């Protein structure tokens, strides 16, 4: 159980200084997600425009893994087309559920590859996914609202 | 596990030809008791007069042990003062709960001593007590009614 | 006629199987071998199941879903893998539809209780009807009586034919537009009857009623496919399928489970809790308040592995062959009347009977003195007994370890009982 | 300061005790010994308990209360002897007041549910009040929220002082003439606080309210005498007191239990059943529908034997000594804040804390990598965490096998964690 492998420097950096933290306007959808087992929480806003993720902002309370993952997620999806962002989401989820058997693609996941070690800690996978799940949910809401 | 010791001839005799079976008038109290585990049932009537158990009659459905015990019980209590009948009840209950460690007193229990072997079969003790419990319950009701 | 006379086909290798069950080599009073014919009451357990639980307690034990540590992780994994295995065993579309309860009875009560508190579509109220059958185990009668009484609904039921089958002649009036829920046993624990679920489910869904299936005697005996069955809920119990006590399963359609209110409230079933209000976790946690029967789930998973290794079709084949042989032999006994179907068609391995002139308690007592363990009483099916005008019966029931020689021992014992009580020929 | 510096008195002979617990000699990842400090979550089990269950499955297994045969008799006896032992352990006036449930949560829900369906004296309705505390485990919050919401009653609660004690300053207004039931934890699983039950029970009974005590963390830790306590219900759970999963206990006053409607309906809880209506068996059967957790009850009886052999006063003494040592050592750690009483007075063996700058999840993760198993999260006590303005905490909890050296390992681990995350000195 290598703590250095789990707590990569990149993760600790994002944890200490999370990117895009703090709730911002404008936004089309806001969601609140909770990890029922540990209580970690995130309130997350998404703004989409012309099929692009214009902005993601959030207010999160949780462990280093969940905070850092949310920060990395925001970096990754902001400015991307929704479809492309969803693909990144899918790669990240796949990596998390791989129990360490998938090699992450740095071109797609950028700082997200630092989470490869988390996949070996089943209890922490939910932490890494909290922000991503919230983003997916909020984006779906934003899209369906803008379709109306 | 000696079946002859459990199913004494006296028990089988009472089973084949139970004494005082069939519901009779007059009576002050009627009760219906059920053994929830096996479904054995007895409807039992008691008539008391001047502190004496004038009559006991019943309609019972059940195994040889429960039928025979009810028959023996009726023989034993009819005509006795309530206090004396209760003492016989108590000796019988004591015998049944003794797991075979108490020697029955034939002067008190008469045919009831045949049930000594039943005490070694915990699952059958309830069978032997069904009629006695019904009698005790009915007698208590009869007495409290006549006190009013 | 004894086994020697018949060529029984479809039997499992009981020599090998019996070696897995420590209790089956136990000696009873008088140094008699145990002839265990009470498996519909509870089955015996193989070493594989007992061992899986012991190993968990000795090496992994920890609470689930709450701890980050290695034991907690391992325990959680084992518990969730158990759920996945059980879901696969009954072909549940999704493992989150498998809810662990403490037994079948709780699983059935879970449905009746949540319906009692439901609002909206599933609400049961005055004017609504709840349908059961006269063949049910008390655990599939009382919850519905309580629901009907508490909510002012009407309880209706299917009767039983003289042959011990469900009387569906009035199906279109018994299940009607007012029907909100139909709860039916799949295999009767008293009569052995396998019920025509397809017909009942079709009709119930036609009128928009929910269907609950009491599969307590079905899942142990044959391959169950809840997806193909099409019911909304299926309940069964661990201890009758070579699993431990203390665990049962409710499979439910996610759509319905999601729409129902919670059953028990507490730890693990919440999403968030404030003093003012709480919200619920997604399935299956929503219906699993408190520390679940962790080691029991792991034991049940080992039971499912054991059954799957034998193959449920082979288990069913064995049950069928043994039941056919038992029916044949019992029908030869003078003064013996079988309650329930006498042909081994659509029939499980529980045979209840009466002996002229000897009360079931006395029959089972004498059999017990010979080492033959059967059940006497109402088998938690008083209405079905009342239907046949009896208060109780003797029941022999079989399972994957039962041998034809044990059926012979039963029949010999019955003859001895008759001689003892001086009845019959 | 480490153990070497203190003369700890009142400790049990942990060398001997630990030899009884197979899991405690287990090695974790990296060949590290297990330092199990998560006993408030679930305790470990000694050979004596595991062995009693294995022996039952291998030699006696059979359903209870239903069969006349030798195994059925033996199984029923073992199950009922278990009830008698547990009744004696808590000094219940009568064994029939001991109801077996699947865990504490079910025991508490049993009370809330039967009150929801009660008529007459115990009925809870509009205008009535239900009182709990902010210190409760979710399992003693959600059932009462559901009851209050479903019946239109009002839920009220006692707050917590800064020291982590119950704030009883408003007791006479919080418990008043409208109060129907008061449900309180005896020992908080998060703060460790032992609550002043006597005062609460006296006031509740003054206004005619029922009192329910969540003794999940009390019964494992000290001698409990329900007769002397004077509450109406006491709930606890097997797996926290060296017993198995899948079993809990509700002790209830016979007078109240008799007056309440049934909880779950089904086999064994009936007196008689017809299709039209059913009547209920006397206590305890009335509240035990279906096949009970038989082997689990037998395991719990073995647990009670184990605890009694050690002596509950000695167990309490050990817990006290270890907790005092843990508090002392933890208070020395820079940047560590204890949530709950910091003095080992009226305090159980669960210590929750925060480390400045490191999230509890991360604390417990690093501790785990060192073999130290603690719990991180809300410990099913979100409102108590909210009271202290935190979302989660790290909790170390102790039991009769915990050694001072394990406390030292915890403190060393915390220092390593701080270094790893570069916080503090």
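Letters A, B, C and D mark the chains as written, and numbering starts fresh at 1 in each.
Operating definition for what follows: a contact is a pair of C-beta atoms (placed from the backbone, for glycine too) under 8 Å apart; a residue touches a chain by one contact, two chains touch by 3 or more.
These figures come from a predicted structure and were not determined experimentally.
Peer 1: Would you say A-D or A-C is joined by more C-beta pairs in contact?
Peer 2: A-D
Peer 1: Between chain B and chain D, tell me the centre distance in angstrom, where each centre is the average of that chain's C-alpha atoms.
Peer 2: Here the centre of chain D sits 45 Å away from the centre of chain B.
Peer 1: Can you check how far apart chain A and chain D are, centre to centre, with Cα atoms defining each centre and the answer in Å?
Peer 2: Chain A and chain D have C-alpha centres separated by 37 Å.
Peer 1: Which integer distance in Å separates the CA centroid of chain C from that of chain D?
Peer 2: 32
Peer 1: I need the residues of chain A touching at least two other chains; which ones are they?
Peer 2: In chain A, 1, 37, 39, 121, 124 touch at least two other chains.
Peer 1: Can you list the chain D residues in contact with two or more other chains?
Peer 2: If we look for residues of chain D contacting two or more partner chains, we find 29, 66-68, 70, 72, 268, 270, 272, 361, 365, 368, 376-377, 382.
Peer 1: Have a look at which chains touch which and call the overall pattern line, ring, star, complete or other.
Peer 2: Contact pattern: none of line, ring, star or complete.
Peer 1: Pull out all the chain pairs that touch, please.
Peer 2: Taking the chains two at a time, the touching pairs are A-C, A-D, B-C, B-D, C-D.
Peer 1: In their complex, what parts of chain A are in touch with chain D?
Peer 2: 1-3, 6-7, 12, 37-41, 61-67, 121, 124, 127
Peer 1: Using the touch definition from the top, list the residues of chain A that touch chain C in their complex.
Peer 2: 1, 34, 36-37, 39, 121-124
Peer 1: Considering only the defined contacts, which chain D positions touch chain A in the complex?
Peer 2: Residues in contact with chain A: 29-30, 359-362, 365-366, 368-369, 376-378, 382, 385, 391-392, 420-421.
Peer 1: What part of chain C is in contact with chain D in the complex they form?
Peer 2: On the chain C side, the touching residues are 22-23, 26, 28-29, 34, 36, 38, 41-42, 44-45, 50, 53-54, 57-63, 66-72, 102-106, 108-109, 112-113, 117, 134, 137-143, 145-146, 150, 155, 157, 237, 239, 244-248, 262, 264-270, 272-275, 277-278, 289-296, 361, 364-365, 367-368, 373-377, 379-380, 382-383, 386.
Peer 1: Quick one: in the complex, what on chain C touches chain A?
Peer 2: Those in contact with chain A are residues 65-68, 70, 72-73, 76-77, 268, 270-272, 281, 285.
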